[in-house]
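Mind having a look at this structure? Questions to follow.
Letters A, B, C, D, E and F mark the chains in the order given here, with residues in each chain numbered from 1 onward.
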Amino acid sequence: MNAAQKSALVVSAHSADFVWRAGGAIALHAEQGYAVHIVCLSFGERGESAKLWRKGEMTEEKVKAARREEALAAAEILGASVEFFDIGDYPMRADQDTLFRLADVFRRVQPEFVLSHSLKDPYNYDHPLAMNLAQEARIIAQAEGYKPGEKIVGAPPVYAFEPHQPEQCEWRPDTFLDITGVWDRKYAAIQCMAGQEHLWEYYTRVALQRGVQAKRNVGITSARNIVYAEGFQSIFPRVTENLA
Amino acid sequence: MNAAQKSALVVSAHSADFVWRAGGAIALHAEQGYAVHIVCLSFGERGESAKLWRKGEMTEEKVKAARREEALAAAEILGASVEFFDIGDYPMRADQDTLFRLADVFRRVQPEFVLSHSLKDPYNYDHPLAMNLAQEARIIAQAEGYKPGEKIVGAPPVYAFEPHQPEQCEWRPDTFLDITGVWDRKYAAIQCMAGQEHLWEYYTRVALQRGVQAKRNVGITSARNIVYAEGFQSIFPRVTENLA
Amino acid sequence: MNAAQKSALVVSAHSADFVWRAGGAIALHAEQGYAVHIVCLSFGERGESAKLWRKGEMTEEKVKAARREEALAAAEILGASVEFFDIGDYPMRADQDTLFRLADVFRRVQPEFVLSHSLKDPYNYDHPLAMNLAQEARIIAQAEGYKPGEKIVGAPPVYAFEPHQPEQCEWRPDTFLDITGVWDRKYAAIQCMAGQEHLWEYYTRVALQRGVQAKRNVGITSARNIVYAEGFQSIFPRVTENLA
Amino acid sequence: MNAAQKSALVVSAHSADFVWRAGGAIALHAEQGYAVHIVCLSFGERGESAKLWRKGEMTEEKVKAARREEALAAAEILGASVEFFDIGDYPMRADQDTLFRLADVFRRVQPEFVLSHSLKDPYNYDHPLAMNLAQEARIIAQAEGYKPGEKIVGAPPVYAFEPHQPEQCEWRPDTFLDITGVWDRKYAAIQCMAGQEHLWEYYTRVALQRGVQAKRNVGITSARNIVYAEGFQSIFPRVTENLA
Amino acid sequence: MNAAQKSALVVSAHSADFVWRAGGAIALHAEQGYAVHIVCLSFGERGESAKLWRKGEMTEEKVKAARREEALAAAEILGASVEFFDIGDYPMRADQDTLFRLADVFRRVQPEFVLSHSLKDPYNYDHPLAMNLAQEARIIAQAEGYKPGEKIVGAPPVYAFEPHQPEQCEWRPDTFLDITGVWDRKYAAIQCMAGQEHLWEYYTRVALQRGVQAKRNVGITSARNIVYAEGFQSIFPRVTENLA
Amino acid sequence: MNAAQKSALVVSAHSADFVWRAGGAIALHAEQGYAVHIVCLSFGERGESAKLWRKGEMTEEKVKAARREEALAAAEILGASVEFFDIGDYPMRADQDTLFRLADVFRRVQPEFVLSHSLKDPYNYDHPLAMNLAQEARIIAQAEGYKPGEKIVGAPPVYAFEPHQPEQCEWRPDTFLDITGVWDRKYAAIQCMAGQEHLWEYYTRVALQRGVQAKRNVGITSARNIVYAEGFQSIFPRVTENLA
């Protein structure tokens, strides 16, 4: 990554979350020249690999390996780099080493924006943990007193991407990203997730619904024909010079 | 206003609200070439003209005339046009004619964005009424069946500008606008409000506080030196192609 | 309707709302033997008939007539009766006569449950008005002192059906109704809405998404294979003798 | 009422509300020397007089007369004055004349504090209407431009007293008033409400529960033995010189 | 427990919570044939045994033994089984072993529904911890990858039972359970709690208040005469085939 | 501290928080005769000492020493005692020993009221941790079973003082404290914070804004001329005998 290249960071609790929830944002910004980096905190080996476990003759290592392959393939299609923290899931727990490791990623990546999970999710306690970890790591990476002398980070915007049952997670999209132009790539990445085929059409419909909603929120001068979109919820206020 | 010019609409309950709460946004967008149009629903003749009333020998007509002059002078400084609906204040009430009149303004102005009051204000019932009126007028202006054949409006974003006691109004800024470059103009407009001198420094401090907060929410690549800002709360999700 | 037959009431702001948002509930309870009665407060003639208006040579009367036909056809397919209050839309306004008229419907129908719109909808001010009207009519119909001597109503549960952009309306489904068995009928009713073809697939996808979510919230002993569902938000607590 | 006497204002939607919900506060402040004035907007003739209506041979005038007697008797026991606006209930509607009439009461009474209903109540739409009317009247009474020359009011604190089903009304008590010393008087006032005997024990239990809760929130130095209490929710922040 | 018997699970932070807050639900479902199992995470030995400690000559072991006896006696009266995790209280802390132990209980019991504490309680930090532990254990018990090969659990509904000061805990009952028929058994169980006699009448009044409220929310056809009830707040949406 | 002296407790995450956020409350109550005790959980050595770190040749020990000097000087000016827990910041973590240590401070101090941080702060995870620690320590100090035989504490009110970006922290002041009389002392204490000079004027403006707001919320009889104020949010309901 050269100095002038802009970058972004995605913190994904399980190895497939970044695909369903932010695949379009990743592909779109990659296309715009961003170096998008993904941290998968776990492989989702326990909680989100039901189909693999049902095959029989399975071990946690085999499941992890299969999930790693899927995630790598998806990231490649989306045009992003990916690293795996392998801290386990169901339950996910993050100690201080993990927190500092992620803070160091923030310093290295210097992201223009950050994507992670919703702050509440009664169906999945790993998701809010991932978001809180991302937020606390960002705060530490901003502190002059943490590893003094290193380049600190600014205050990149943080967005919560869409959870599986949005209303139950008190998640409300305040930002719609038009991903029509990169939908093919997102759907190709989705298809890497062989173990969760039941979700392919679910998240295709999510993208179509958000596309319709995005069109309903477009102002006057736009001539955009939005078909697919992703929704995001901002954690922080944005700073701008234009309100249109 | 020529066809290519972009425009914006401000719906102000009383004749000075647009200055304290959105003067920077108005001046900034005017500078950017927007035709900014202000609707003052009332002159604030009863509720926000205490100093004039205390002079004695005062009538409602005299108060209105004085307030009109102040508002016109302020709008001119900010670079905006202004019209007065004169529907009265304390209490403000809007019938269907007022609603249609405002819907017609929406159709005529075709705004890129809309500014009005917070949805709650336990200190001032006219303020939420103004915002609700603006929102319902926008909805009617969008309907094909209202005055069929006229050009309808799209879905311009609507923002609630800052109320006097923000936390009590459950108002949370999700957008900071850097108004450093036009602060002089906003402060000049503020000084037109001779009857409310006690608010001049109050809203100068508001702008400085929001300026500090805006700086705290800027991402990595910005080199902006923000001193003054205005905060806004979005009513609708925004549609974008970039999350930075 | 004989004395022993159970009944339900749907209060729909515009003539098609009951189809998109509650068509499955209507068909399902009709199938269970309920007399389901629908009140359409308006025909949606101004705000939800864009396609008709774009045909040209159109008048409000023609639009209303077309919408009435569609609504009657849809209600027949769903197995419900329907009446039209014709109070106008965009904006909708309800005076006391309308309120009493609806209270009288409550007394006549004696519904076991009531369906209407979400309490908030920044995209459509007619919707919350309809729900508030329904709730206040229910309260009046409960009062001994309103038309003393008539049979009052009890406290039937009230549900808000799904708005177009659920999160923006602060609507959260707390009840999923399995409509798999009556989906064919709902989709047939949807197809009556010739003027809003762009919504057919949107609400098919809504039903599929809610179906997936419903399956995710089913307890242990169920063998149900849910494909399509509708979501509802309760206004009041339910009273029960079993928590499973 | 002499110039030095402190006063308070209670705005009650129906003629018995002030007893169940604020009878202790009224009696306690009367004992402390306050001139407590009660405005009953209606007699609750339609909605809260079921027992009277069931007697047969009843007319609205007879019901009102009976309710007036009860309210007068209760107010006398509590040591307060009462006036009746008689604007009707189920539904309650307030026009501008009613609003100004209540604003004039504010100016005449110059209350140190104000009590009215909760801002939400899905079981009773008259209650929030009464609170909103009280709040808007207070705002108008504060305005120099309303009946210029009259003595305006300051910013007396406003409290929402307890609704019948507190959690469903999103009402949260932030203030407990110890009414142990005046409980006898409150219970005597309660017994004036012959038509609503089913509520006597309900509101006795409310007072006991709030009493236990009040004791649980008392700091260190208090030696109070609280048995009965009333809960209130503040609308505005309080201003103080001591945090204990 | 035979294969066909339905079951339920109650997760109680301290050894008496299940009695005050869910004793009616336990007795009622036991009567309906459910095998109700209670997990007491602690004995409440530090925080909820004040009367025992004040006796003097007391040790933590003696307190625990006395509390265990009370809980066993109460559970027997209610018709439920009980086990004690003995993880300590004030503060309560749960490590991964405790989490897995509880997940194993979920798998063993296969509950039709789950009861635990409110998600917030500023008076008692052990209570939200217990609910969060219960929820996370449920999620783990649902995961195919946790102890692969075991029978996983479905998605049983989870309810928060009533905290001591409901409004302060942001707890809102959305479900009322009629416990009139088993009230005698609940009150007998309450009387086992010799150390907390001050709460006997408090929770009797709670049951009476909820009974009155339940009656106010019953629809048309019910002939139930509810005197005592318990309130519950659902964490997840319910899935149903009937809205009455 | 003699037995009759009243006391108060402030729990500050970093060594300067108590000055910006509660310096007025501390000075005012000290003036009223309270023994105000401050616990600084950390020195803010990593996260809030940027200026020191930028000097170069700096170590964590030097930063801590400098911050300790500043805090001691400020506390002396305000008239309060202070102790340092030195548990580290960015991230702050509190184990059970820290919790018991703080519970012991509660027992020793027996505070009439407690001040700490807001419950949410997306900019600073140490702040909510400090408040939660303070609340849980208070609960433990109330328990008879924790160090039986010691004098337990009552239920002193707890307030959240003002965070840096109040609306983003969902903090709403419900109490304004008039600090006009002690402003000089607060500003002198502020000036001890040599490392954070950029905040001096920020918090001066906060005090002026809260002063204006406090004046807007004063009832009728007050003759107070408030210029400077601090805002606080109550965690618990207050118990009172007067509502004015």
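Just so it is clear, a contact is a pair of C-beta atoms (placed from the backbone, for glycine too) under 8 Å apart; a residue touches a chain by one contact, two chains touch by 3 or more.
From a predicted model like this one, the values you see are computed outputs, not experimental measurements.
Student: Kindly list the shared contact partners of chain A and chain F, in label order.
Tutor: The common neighbours are B, E.
Student: Tell me whether chain E and chain F, two copies of the same sequence, contact each other through the same residue numbers or different ones, using over half shared as the line for same.
Tutor: different
Student: Taking the mean of the CA coordinates per chain, how far is chain B from chain E in Å?
Tutor: Using C-alpha averages as centres, the distance is 52 Å.
Student: How many angstrom lie between the CA centroids of chain A and chain C, rounded to a whole number?
Tutor: Centres of chain A and chain C (C-alpha means) sit 37 Å apart.
Student: Got the chain F residues that touch at least 2 other chains?
Tutor: Residue numbers touching two or more other chains: 123, 168, 173, 213, 216, 236-237.
Student: Please categorise the chain-chain contact pattern as a line, ring, star, complete graph or other.
Tutor: Its topology fits none of the listed shapes; call it other.
Student: Determine which chains touch and list them pairwise.
Tutor: Contact pairs between chains: A-B, A-C, A-E, A-F, B-C, B-D, B-F, C-D, C-E, D-E, D-F, E-F.
Student: In the complex of these two chains, what residues of chain E are touching chain D?
Tutor: Those in contact with chain D are residues 123, 164-168, 170-173, 202, 205-206, 208-209, 212-213, 216.
Student: Can you tell me which positions in chain F touch chain D when the two form their complex?
Tutor: Answer in residue numbers: 6, 8, 25, 28-29, 32, 110-113, 115, 153-157, 159, 173-178, 213-214, 216-222, 224, 226, 229, 231-232, 234, 236-244.
Student: For chain D, which residues are in contact with chain B within the complex?
Tutor: 96, 99, 132, 135-136, 139-140, 143-146, 148, 235-237
Student: In the complex formed with chain A, which residues of chain F make contact?
Tutor: 45-47, 49-50, 53-54, 58, 60, 63, 90-91, 93, 122-125, 168
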